[in-house]
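Here the structure is laid out as structure tokens; the discussion comes afterwards.
The first chain written gets the first letter, and so on, giving A, B and C; residue counts start at 1 in each chain.
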Amino acid sequence: MSIEARLTELGIKLPKAAAPVASYVPVVVHGSMAYVSGQLPFVDGELVTGHLGENVTPEQGIQAARACGLMILSQLVAAGISLDQVSRVVKLGGFVSSTPDFPGQPHIINGASDLMVDVFGDAGRHARSAVGVPVLPLNAAVEVDAIFALESD
Amino acid sequence: MSIEARLTELGIKLPKAAAPVASYVPVVVHGSMAYVSGQLPFVDGELVTGHLGENVTPEQGIQAARACGLMILSQLVAAGISLDQVSRVVKLGGFVSSTPDFPGQPHIINGASDLMVDVFGDAGRHARSAVGVPVLPLNAAVEVDAIFALESD
Amino acid sequence: MSIEARLTELGIKLPKAAAPVASYVPVVVHGSMAYVSGQLPFVDGELVTGHLGENVTPEQGIQAARACGLMILSQLVAAGISLDQVSRVVKLGGFVSSTPDFPGQPHIINGASDLMVDVFGDAGRHARSAVGVPVLPLNAAVEVDAIFALESD
């Protein structure tokens, strides 16, 4: 089954790829690796903002992390990479806007990690780091960047 | 000398590889590179928790960083990679749970960096970033992720 | 035009490569990739310290990020890599020392991103993450690490 068919089966519609907030590009391909810039969480077109432990619930945080993951996929597609070319999700870097007493970053970033496994199956199982940060660009609740391995043509 | 023999000579016994806190994997190998997920510090089986600058001393922080490094090595071995296959420690990413007035992250992450040089010699000399964060998963004091280069068979 | 000539044209004089603050190395080359350790901002030989949102202005922050970028280039050169060998700036990781209410990290890290495009043109367009952190080594205002692709000889 193609990844596009699997997305449809999962009821997933990819968001419109967001323009970079600044002077960089969303995806760089070097050799068989695609590096995706840190993506912010848009749910129904609105940025999810705030801090876990303060004004963002864990459920909202998980949904935000999933939204970052969807945007990562959208950026690959917008860069001309078919999701069927992905041979492995190599690494996710998860940053969770957190008060100093919120230690639930792994649970939050699972929103993105689970998405990768839902979409790519075993090839979606990745290495990961998840950390708290005091604040993110535009006051986003979560940011996730990624490294993918691509099949050579 | 094999790395196993060097570990014995150094009096180092690797910890049991910890299960991922969430839905990802500890190690992904792509080409000649192994990406290791962010590892938390277990000393004598107990997670080292707290914040540098508040309730964790620099000495405890250094020991915690070293424990992260040991867990990174354990994860490689648990993934079926012999430490003798490591041709270079390429990069460590060090995250130190810190109050805003604690600027000693390099000194703390040296606990992991020095371990790599102790174990691998010149091949253990790596690129690195070290930053403060307000909080880490499970309130850990330190988290370290890593990229290794492996010899082709 | 060589990159050296372009630097001269831009009026850019690279700083002296700073010694690592700790037991690691500034640059590791593996295959066609160069990993550069997180660099701190020296302007006129002085480290730019403090927190955005508190005692560092956005203008100072942007200049600090540019200074990190210059130091990254200096480290490549000091490691024996000609800037003419750079085929692509692959990824920048930007860390901005921030109070929890300062959301302008992209604007700050543009200081480094714009430099890469100024120096390398289209090859300087990179993937990026930019996040806030509560504190950085030596109380630096900004830290940036980098991955470069190098031409094979």
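The rule is simple: contacts are C-beta pairs under 8 Å (C-beta built on N, C-alpha and C of every residue); 3 or more make two chains touch, one makes a residue touch a chain.
Predicted, not measured: the structure shown is a model, and the values here were computed from it.
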What angle, rounded to the nearest 5°, describes the rotation that places the Cα atoms of subunit B on subunit C? 120
Taking all residue numbers at the subunit A to subunit C contact, is the shared part over half or under half, that is, same or different? different
Rounded Å distance, subunit A centre to subunit C centre (Cα mean): 25
Of all residues in subunit A, the ones touching two or more other chains: 133-134
In their shared complex, at which residues does subunit C touch subunit A? 32-33, 88, 90-92, 98-107, 109-110, 113-114, 117, 125-134, 147, 149
Show which residues of subunit C lie in contact with subunit B when the two form their complex. 20-28, 30-31, 35-38, 51, 93, 95, 133-140, 143, 145
